[in-house]
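To keep things simple, chains are lettered A, B, C and D as they appear, and every chain counts its residues starting from 1.
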């Protein structure tokens, strides 16, 4: 690994100062699960890594019914799924944070890093998108807010300036009769990067049949995580059902622009998007109707036992 | 044939002299090295620390195939902290010859060129230069400063294309050895071999149906968790010491001596604890390089590969193209079988296609057979053995065709195997005749196992069965065993312990001497401290080093009997030893235990040391396994989940049943990974795209169920306790068993490994008339 | 430039100098001589380097040594108590849950972190928790059994 | 007389014959007899005073370790096979 310096600012201002000074030669560092590997492999060559884990604003994790959910950019995944309130309110997000890497990775990896690493396959991003998360971004020129779906610009590229820091995510409180689900497809049952992923969010009318609103976002089938507004749009005002979901899934399949690589072929990814969108819509529907049960069990019965994680969240891959 | 039988029977009688009710054999003592390994104290190769130690690094070719025009190491050498830089020029001139490495012969030039490329880089990751520096990070920085001028040449990645005339050549001087005749034109086909038995055409004429199928498998890696490492110190007196992670200290010594042109006696190899090998830690990669760096710097040098280097530059096992043609009668009897196996050798000749040829039809008694094998060069790493090398690819082909035949004939898959199964007296395609083997017994035990008849509940589920064979080897082992005054025995071995063999060998010595397993103190020592040993490989250590331990124990027993005789003032012939007690043949008052006697060695003539050096090649017993697996296939994604797995195997005699079970379970896990996800994924430029544990996708704890094992014990007549090698057989059946299960679950026959979700999905979509558009 | 780091390892205070680019794994192994933590992949995919950092299981190859300042680390060397082997270590031995042993420290540290949080895990929970640890020798069967048995035996101790 | 099984790659020496019977009480004698009948065969089997590297001999299906001194009986089968071990 090439030589690098390490700074551990205690405040947001101090951190902003460091980036203002160093610009592109400094890299923000939280969980390190991507960055350390990238530096080791020579893919990123910063002079300075700025450890953000001791900055209070980046460690906030709180929910208030009016304000919604605030997740500091440096909060590790395991703290999110262990948080009593979040699991019930943002199940789609919990699906994602509990399947990134293994336990060891979840204890380090952060949603901030997941987003800013800007991998098209990031599991954390589609659920943030469908939960309408906004990013609070801080730089030497002040603060701004950006919807999550506007952050990724391409593989490894974000809309953040070199001197800007992602501080936190802000998710509105979920309305009644809403639910979300994230599923990804991987060849093994853990530890893989998504071949394709889909997050679906549904909000129902009082009849629990008619869809008031919907959002669908995809992973690993385009240069960036993809919000397919047309697919969500085609669901609004309609009665939930298999045929309707199939229509949305077909739209997503068309919207996908996947590549072929060692993790999967383009045709396979398009096919999987359709399957995953159908499954996540079913899952989101069940959750919106108040059923927490997962629509698809993990084959092999390994999820039949008690809850897998201390946070009490059951997770599956598709 | 009759003579063979008689001979074996004689041996069995000899074996029966040892009581069949054992006190130690078949029990499950705590392994001797266990505490060190659960507390983190065990010292593996990368843990070596020496005063003044330098850290090395290796520059590797980014190209799959390139001529090296020049290498400029000036800037790297000038970097502060860098103490030595070497290239192939530092190995010195070579007179090419064939070197015998004890367990295979190879051209010295090829051996050297794989260590550091001279002339051409033949795969991405091929070592080109090396540095030693005061820290691993400085070494890495220095590597970036080495300038190599490459002339990039076209890669040769597809086995079948490599075989075609006109394919780009890896070695311009290599001609095919085509059934003993040297080809006129140079070629990427190094060798064409054949086994033949009976009259194939005559056999096929008797068939009611002929099944012709074609199979492809990808290159896969052994995947041991510990990366290769080597630390070397070239002392001022010319003595070279090498600490490393290897399956055999003596083979490292032999290879290093050949490459460095040194007498073997000037090299001492200290085999450290080894973090997995599976055949992949027999070839040397780093040891001679560390030695040269040490020679140049005058300091000890440690080289440790990173995971990408392990994938890119150490021996995977061959990818293959296999064609099988089998003729069967309606009653399920196979009347003729033909196979053609082409195996990737990698960048230098020497795939283990011949093992695939030996194993492909080995479980069956077939009158008419012809098996052709081709050893084919491609611009990928030089292949190395991997657990039953060559046999898994072969069984994937033969055992899935057999499943088709069973279905066609309307016969149960276990029954068709019994109907055609090999037994004592059966002659294989390579001509050898089986002694007592236990294949049919594995089929019987499989049939009786509850798994075989358990109902399959739920849709998209299926059950598959497959069998497999590995011949197992004996080879050479030496041990010494010294009696301590407290009645214990210190046992010195030279076969590195990868899976508990210190204990399985010590138990055999303990059994003979009437001691407890814990009374034996086994250790694996360096090449200066014990007689010659072949590698820990070929499933041979518990068998062969065990035989040596038994011999050494008998040697001790003889000497101890003499000591007892001396104590009593009687002739040694009057002393009988049994179960650790030495008795006077007629005077029942005169008896003394081993422990009591051990305390009195000083007064009866001094220390007692037993020893044995054996070539046990003659009597290694072949091993057979039969596996049953249930899967569920997700028809929408093609993902296969293993629900239940049972591995039945003839193990001869399980010395330590827990570690035998462990061998079966581990083999199944590797076979399942090979079957479902593992593969070397190259881009079209010949760069390995998945050189990480993340993307190579070995099974995790979540991908496998508990793996049930059934240990069938048909004693090997060549071992007094009946031991057969057990380590390799269990990797052979899983891909075929899984393919057969997938067929029964999803209705699609997969003939390409891995059967990853994409392939299974494609097969399902194609079956449904909706083949994926790959545009 | 070297950093001066004060940290607690296995209950004892340690001070070391390191370069910022050095990982916690490198420092443990090469500077502090704690070679029980192993390097299998150096990118967080095998778990051989697992340590417990402030109560959380992490891959020490993905932690900068500098981050250890002021924090508490448990490595495999700290699992055994003064009274002898930890039940996990005993059960790994009894159940032959290791073959080559290179992954064993990582598995034991990971399993310790699991039992600290969930003293009575199911097989499914054990498998899920250990999915970040690769073993190539055992097929996991005996490892999972050893962890389940260790959980049982610690439960008995606690009841007493 | 002992029966020698000729591997496919050496059958060009024996005119395609897969099995031949030759005299000999040791492997050395058998190979001498083979070479007398099929000139050139010895060099493909033996290097100096040893079997060629990479080659093993099985007598009555038992891999032998005594090299050219190995005893061969009148009704023995002799196979030349590749020397291999495993993983």
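Quick note on the criterion: contacts are C-beta pairs under 8 Å (C-beta built on N, C-alpha and C of every residue); 3 or more make two chains touch, one makes a residue touch a chain.
Remember, predicted model here, so these are calculated numbers, not experimental data.
Across the structure, the highest number of inter-chain C-beta contacts is found for B-C.
Rounded to whole angstrom, the centroid-to-centroid distance between chain C and chain D, based on C-alpha atoms, equals 56 Å. Taking the mean of the C-alpha atoms as each chain's centre, chain A and chain D sit 68 Å apart.
Taking each chain's centre as the mean of its C-alpha atoms, chain B lies 29 Å from chain C. Along chain C, residues 19, 21, 42-43, 45, 123, 127-128, 131-133 each make contact with two or more other chains. Looking at chain A, residues 1-3, 189-191, 301-302 sit in touch with two or more other chains. Within chain B, residues 137, 222, 277-278, 694, 699-700, 702 each touch two or more of the remaining chains. The chain pairs satisfying the stated touch condition come to A-B, A-C, B-C, B-D. In the complex of the two chains, the chain C residues touching chain A come out as 1, 3, 19-21, 23, 42-45, 47, 50, 53, 56-59, 61-64, 66-67, 69, 110, 113-114, 117-118, 122-125, 127-129, 131-133. Put simply, chain B touches chain C in their complex at residues 28, 30-31, 33-35, 37-44, 46-47, 49, 136-137, 222-227, 273-278, 304, 306-307, 498-500, 656, 658-659, 661-663, 665-670, 692-694, 698-702, 704, 706-707. Every residue of chain D that touches chain B in the complex is listed here, in rising order: 5, 8-13, 18, 44, 52-54, 56, 58, 60-65, 73, 75-77, 79, 81-87. Across the complex, chain A is touched by residues 137, 140-141, 144, 632, 634, 636-637, 639, 641-643, 676-677, 681, 689-690, 694-695, 697, 699-700, 702-703, 705, 756-758, 761-762, 765, 772-774 of chain B.
Residue ranges of chain A in contact with chain B, taken from their complex: 1-3, 42, 185, 187-193, 195, 261-268, 271-272, 275, 298-302, 318.
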